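What follows is a group of structures, each given as structure tokens.
Below are two complexes that have chain A in common, paired first with chain B and then with chain C.
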Partner chain A sequence: MEKKIGVYVCHCGGNISDYVDVEKVRQAIEDEGGVMLAKTTMFACSDSNQKDMVDDIKKNDLNGVVVASCSPKLHLTTFGNVSERAGLNKYNYVHANIREQVSWAHSDDKAGATEKAIHIVRAAIAKARFTESLEPNKIEAQKAVAIIGSGVAGMKAAIELSNMDCPVYIIEREFFIGGRVSQWGAMFTTNETGKEVVTRLYNDMIRRPNVTVFTGAEVITNVGSIGDFKLKVKITPRYVKEKCDRGKLQQAIDACPVVVPDEFNFNITSRKAIYHNFPSEYPQAAVIDMKSCTRCGKCESICDNIDFSQKEEILDIHVGSVLMATGFDPYTPHDGEFGYNEFANVVTLPQFKRMIELNENKLMHQGKEVKNIAYIYCVGSRQEEGGNTYCSRYCCTSAIHASLLVKKKYPSVYNYHFNRGIRTYGKQESLYYDSSAQGDIYLQAYEDALPVVTWNGSNSIVKINDILTGGREMEVEADLVVLVTGMVPRAENSVGTLFKLPKGRDKFFNEIHMKLRPVETFIDGVTIAGACQGPKNIMESVNSALSAATKSFSYVSKGELETEPIVAVIDPVLCTWCDACSKACPFDAISMTKDGTKSIALINNSVCKGCGMCLPVCPTDAIELIAYSNNEIESMIDALAHD
Partner chain B sequence: MANIDPKFGEALKEYGGVNFNACYNCGNCTAVCSLSTPEDSFPREMVRLSVLGLQDDLKSSLKPWLCYYCGECTTHCPQTANPGELMMSLRRWLTSQYDWTGLSGLLYKSLPLSIIAFVLTTIGVIAFAAYESFNLETIIHFGHYFEMIAIGAVFTFILLPNIIRMWWFVILKPKIQVSFSTYVKSIRELIVHMFTQKRSLGCDDNQVRWFEHLILVFGYLALLFTTVFLDWFSSQNLFVIILGYVESVVIFVVTFDFMGSRIKKNKEINKFSQPSDWFFVIWLFLMGLTAFIVRAFIDLDILETNSWMYLLHLTVLVQWALIIVPFGKWTHFLYRSFAMYFDKVKKMSA
Partner chain C sequence: MAEKTRKSAKILVFSTEKISDPAIDMAGLLKLHYPPTVYTITVPCSSGIKSRWILHAYEKGFDGVFIAADGSDCVFGESCTEKTGELVGRTMELMKQKGIEPARLKMAAICSVCSESFVKQVKSFNEYLLKTSNS
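Moving on to the complex of A and B:
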């Protein structure tokens, strides 16, 4: 079909026309092949001009449109929409940038700028001669979502998806759900306990027929892409039947000879190889930890609900979207960091939280009553360049909340907070007030002169040059030093690699855009929620879980997905399947297929992002990118190079 | 190396400190204070030292005396840490530290003890009167001498040693080298501040309060002089008689106004009145009033038949001289003047 192109050259008030002679540009291109109409306009994006464009397109039956104006980042979509409003497929619209690339860049050379603008517009017209109407690719979407991780974020997302009638598989690596929150007693800012929060979520989640919960479960393979993820999930058995006689079970636990550190209590206590974590964690069923079990059989001889014959299972799960909610690890200080693993009375905040839970009337540590507690803030956070430079957000509030708890529970305790500026943002500030008002002492230093912990033979001495007292050296003899440790990504986070999830500089999973696309990832169909994305408290984790649930649901809700039509296409005749393209593709969109007996490359349209990385590596030039074909690009280059 | 003592904060509350632990060191109080200067920066620094319980630093500091409690800092504190009241409580605490007898501290901290002291002095006066068979002439005669002796004794045995202790805390102990001539040259500062409290004029909006204070000080000193040296109650000199009346009226009118504002709590400084503040104004008021009535009774020739009136006046006088002057708020006036003096001395020696 013969091309009828309309061209609009914009003054942009004076932003362009002060340096580019727009009328001269218009005259220079009005006789180009295919150009039916060429106009200048004061503001191309103004309502009145948009209306005129719609009228022009309709009246003249235009099938190509070029606007020479500002950056396509600003108005490509605007003018694409103008075309659609006039009944012209938006892929027939071509944008020419003569502001950022011309008038602003060459304000010192008006004649040169005008000349460059003419070339850029000519190139856009050259491309417009080849444009075609395109329709989005449609792919089938499996209406189900897999959630990986069953902490507060995972559970809240599961409940939300279930409310939207979307089947959910929630896959938890541990034998108990609830994540970190189940480990905390009373929590800021409401004083609800972790157990209460987890119980509420669990009870709500478990009663739903469209939510399937797996514990002791791990995703081991993932093939497919948005709309169609095929996961294999390995389920490790508990070796204890779920319904069993509690009395016998307890006897069996008592009989177990294997004693190992209890990770639930951050190793400040120990447990047996057969153990349970209730009342805090669900399901309320015991489990045998096969890594430490010696198969001595003592428990089995006491309790008949113990079943060593249970077998590992591999399940196939088929979902349209994956929601990642694998949470965080508390930072582990290295040996000697503020006396950690060096002096007996240095613990981390997570350990301290467990100590408050476990000590009833007196706060005891290693047989000694604790009177003076020194909290050292920002351990593992706000480090120098090269370390964890971020702030972990939760820890100031959590430490202060803990100090209020201890003072209430053990009134004779004194709290000393060695901080670097308190960040109890928002409503959490009232806790800071309460803690100061109750007489807690706050001492502050900058990062270049952190507090120093030494040992005087029986206690830790914490020294600081306090900037709130004119930099004077102060010291506190502490019975207990609590390192207020931040959040770090899970040490075992290989599930991210399985999904090729990009990580940020902080090594947490990364979103596409911090503000505008906060739960989407560069892997289409995979969303992220909770603290696997970066430090978050419960409210923030739940907020992101709700938006990730909605986003994941939007991929699968219609049973069908639309993706951009701008993808790579293979010429089966030229392709020799040398494999170079599949190696170059950053999104794993290329695989091998058979064309009769010949091996050729196959593009997965739902994964291909049209980035064009495969094009230059193809030795036989067998790949074209839709809307950026060789013809289009070459004709643009010709137009630019021609005087 | 400073050792932190969080228990001190709890102790200071007994001297009237309110919620100063809530301070988060923003420094607003220091910024709004019209008396704070870069060299003498307060009250935040004093709040900080109090929170940390650095008692030695507090004892050697004169800053609590540099504050005249306009209350601006408290108004502007975002944490309602009441820095102004903290400064006031530090003055009370310092007074108790300067006092070698330790009675100031006891009386500040315990209202029952104060009441017992007042009751005991009342009993003492009545017992003495009974011993003298309620002979008015002897009692008036005694009253006159009591005033002279009390002034001399309280000054020699209580106030002078206390000022020497203050000197030790702020100059000698911190090892500040001061030459004799500096002491002599700075004497002017002591006199001026003692009689005018002129520094408090630096406070915003304080002109009326300063003026009231000024006439109260002069009224009080003049009445003291008139009764002790001009023997007002026995004088026949019309000028002396009228002078005494005027002075006693000035005292009870001004103190009446002070009491009014303490009751209304309409100013920041009056929000947290302590018993010691009340005792001071009430007794000053009673002194003025009873002296006035006694002289009026003499002039109306009815004192003879109403000797209880003189006993009342004498009781107030004894309590004033034995409790409030040596151990109560009256000393603030003295220490403040000396603080100005020592401050000048310190600055000249720096």
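Moving on to the complex of A and C:
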């Protein structure tokens, strides 16, 4: 079909026309092939111009539109919508950026800027000659959501989805739900304990018939895409029957000869191979850690409900969306970092919080009562390039809250905070005030002169040049050094790889846009919530969980989905199925199919993300990307090269 | 190649929608000037650029092609850096076969806020291209 293109060159007030002769641009392109009308406009994005464009498109039956104005990031969607309002498919609209990349970039060279603008508008017209109307791909959506992780974010998302009448499967790798929060005692601001929060969420979640919880469960394969994820979930047995005589069970635990470090208490205590995390955990059923169990048979001989005949199960789960809420790990300092694993009295903040929880009347560490506590902040956070450059934000609040708790519980303790600037943002600032009011001492350093920890034979000495007292050298003899560690991505995060979730520079899962699309990922249908996305406190995790639940529900609620039509296409004549495209595709969107007797590549449109990674590897040039075809790109190059 | 009288070389930049294009936009916003004969074509991902497009640019008179690569920030995955490097390597081989100096193709990772880096890179590339065309 012959192209009839309308071109609008914007003044943007004076932002463009102060440096680019827009009338000269208009005159230069008005006779280009396919151009039916060419206008200048003071503000292309104004309501009046949009209305004029709609009228022009209808009146002249335009089938291509170019607006030369600001960055497409600002108004590509605006003018695409204008086209749609005029009855023209939005994929026939082409945007030319003559503000950020012309008038502003070359405000020192008006003639050069005008010449460049002419070339750029010509290139947009050249592309517009090849545009086609495209329709979104429509696919069926399974009305169910899988949530990976049953921490606070996962459980809150499950409750929200359940409220929207959406079936939910929670897949938890651990044998107990609750995630990191279950490891915490009293928390700011209500002093509610982590266990209480977890209990409240669990009790709400578990009574719902449309929520199914799997523990000891792991996604092992994922086939499909948005609307149609087919997951295989491996369920590892507990080897203990759920309904069990708790008295005999406790005897069996006591009889177990295997003693291993207890990860729940960050290895400051030990547990048996058959164990609970804590008395009110969920589900309230013990488990046997088969990696440590020696199969000595002592527990079996005491308790009838030990059942080593339980077998691993593989379940098939079919969902339309996956919500990732896999949480975080606390940063583990390397050996020698501020004396960690070098001096006996250096612990991390998570270990310290468990110590507060486990010590009743006196704060004891390795048989010695603790009086002086030195907190060293920003350990594993705000590091130099190459390390964790980000701030975990929660740790200042958490450490100060812990110091308040410790003082309340053990009044004879003294707290010394070696910090790099306190970040108790928002309402949490009141904690900082309370801590100062109770007599805690704050000493501060810059990143280039961090505190130094040495050992005097019985205690640690923490030394600092305190910038709050003009750089005076200060030191504290500490019975306990608490390294205030931040959050890092889960060390075992292979489920992210399984779903091909992109990660950011900080290695947490990455959202599409931090501000505007904060819970969506580039993998359509997969949303992220909680601290798997980056450091968050509970309130922030719950906010993101509610947002992710709503987004995931929006994918599956209608039973049908639309996806972007910008995908790769195969030329069946040129394709010889060498497999190079399939290997290059990071999303497994390409498979082999038969075209008669010939093997050729097949693109799964609902999986293809339109990245184009398959294009350059094809030896016969049999793949094109819609909207970035050879014709479109090379005609743009021709227009830009034209003198 | 560029004529000896030119003040600036003609450079085609392949930028990416989500990563390097915002950096180039921001260079304009910050009024960081660079030669006006630097033109940009935006693609979804730098690892999806075809060698034939690059060769076409030289054939049509561009002095240089600059790939403003996504680097490790690529939204489509970590393999982008490696794949972009591979396509640059393959294209350079083709350039050699056609008698085109491989140094006329340049690639650098330009993150979404790397405006100054972009301007520095294209300016130095411009100088290189002018110098070699005049020698």
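FYI, the second predicted complex is superposed on the first by the 514 of 643 C-alpha atoms of A that agree within 3 Å, B and C clash if a C-alpha of one lies under 4 Å from a C-alpha of the other, contacts with A are read in each partner's own complex, and residues count from 1 in each chain.
In this text, a contact is a pair of C-beta atoms (placed from the backbone, for glycine too) under 8 Å apart; a residue touches a chain by one contact, two chains touch by 3 or more.
Since the model is a prediction, treat every value here as computed from it, not as a measurement.
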>> Quick one: is A:Arg472 in contact with chain B, with chain C, with both, or with neither? Answer first, second, both or neither.
In response: first
> Does chain B (first) or chain C (second) touch A:Asp109, or do both, or does neither?
Replying inline: second
> With both structures placed on chain A, which of the two partners, chain B or chain C, ends up touching more residues of chain A?
Replying inline: C
>> So in the superposed three-chain picture, is A:Asn419 touching just chain B, just chain C, both, or none of them (first/second/both/neither)?
In response: neither
>> Taking the superposition on A as described, I'd like to know which of chain B and chain C A:Cys611 touches: first, second, both or neither.
In response: second
> First (chain B), second (chain C), both or neither: which does A:Asn493 touch?
Replying inline: neither
> After lining up the shared chain so the two structures overlap, which partner does A:Ile441 touch, if you call chain B first and chain C second: first, second, both or neither?
Replying inline: first
>> For A:Tyr433 in the superposed arrangement: first (chain B), second (chain C), both or neither?
In response: first
> If you stack the two complexes on chain A, which partner ends up touching A:Ala641: first (chain B), second (chain C), both, or neither?
Replying inline: second
>> With both complexes superposed on chain A, which partner does A:Thr527 reach: first (chain B), second (chain C), both or neither?
In response: neither
> What part of chain A is in contact with chain C in the complex they form?
Replying inline: 71-73, 97, 99-109, 112-113, 115-116, 119-120, 123, 500, 502-505, 510, 512, 522, 566, 584, 586, 609-617, 621, 625, 628, 630, 633-634, 636-638, 640-641, 643
> Given the complex with chain B, which residues does chain A contribute to the contact?
Replying inline: 414, 416, 422, 432-433, 436-442, 468-470, 472-476
>> Looking at the complex, which residues from chain B come into contact with chain A?
In response: 1-4, 6, 9-10, 19, 21-25, 45, 48-49, 51-52, 54, 79
>> For a test of understanding, state which residues of chain C touch chain A in their complex under the given definition.
In response: 10, 12, 21-22, 24-29, 31-37, 39-45, 47-53, 56-57, 60-62, 72-80, 83, 87, 90
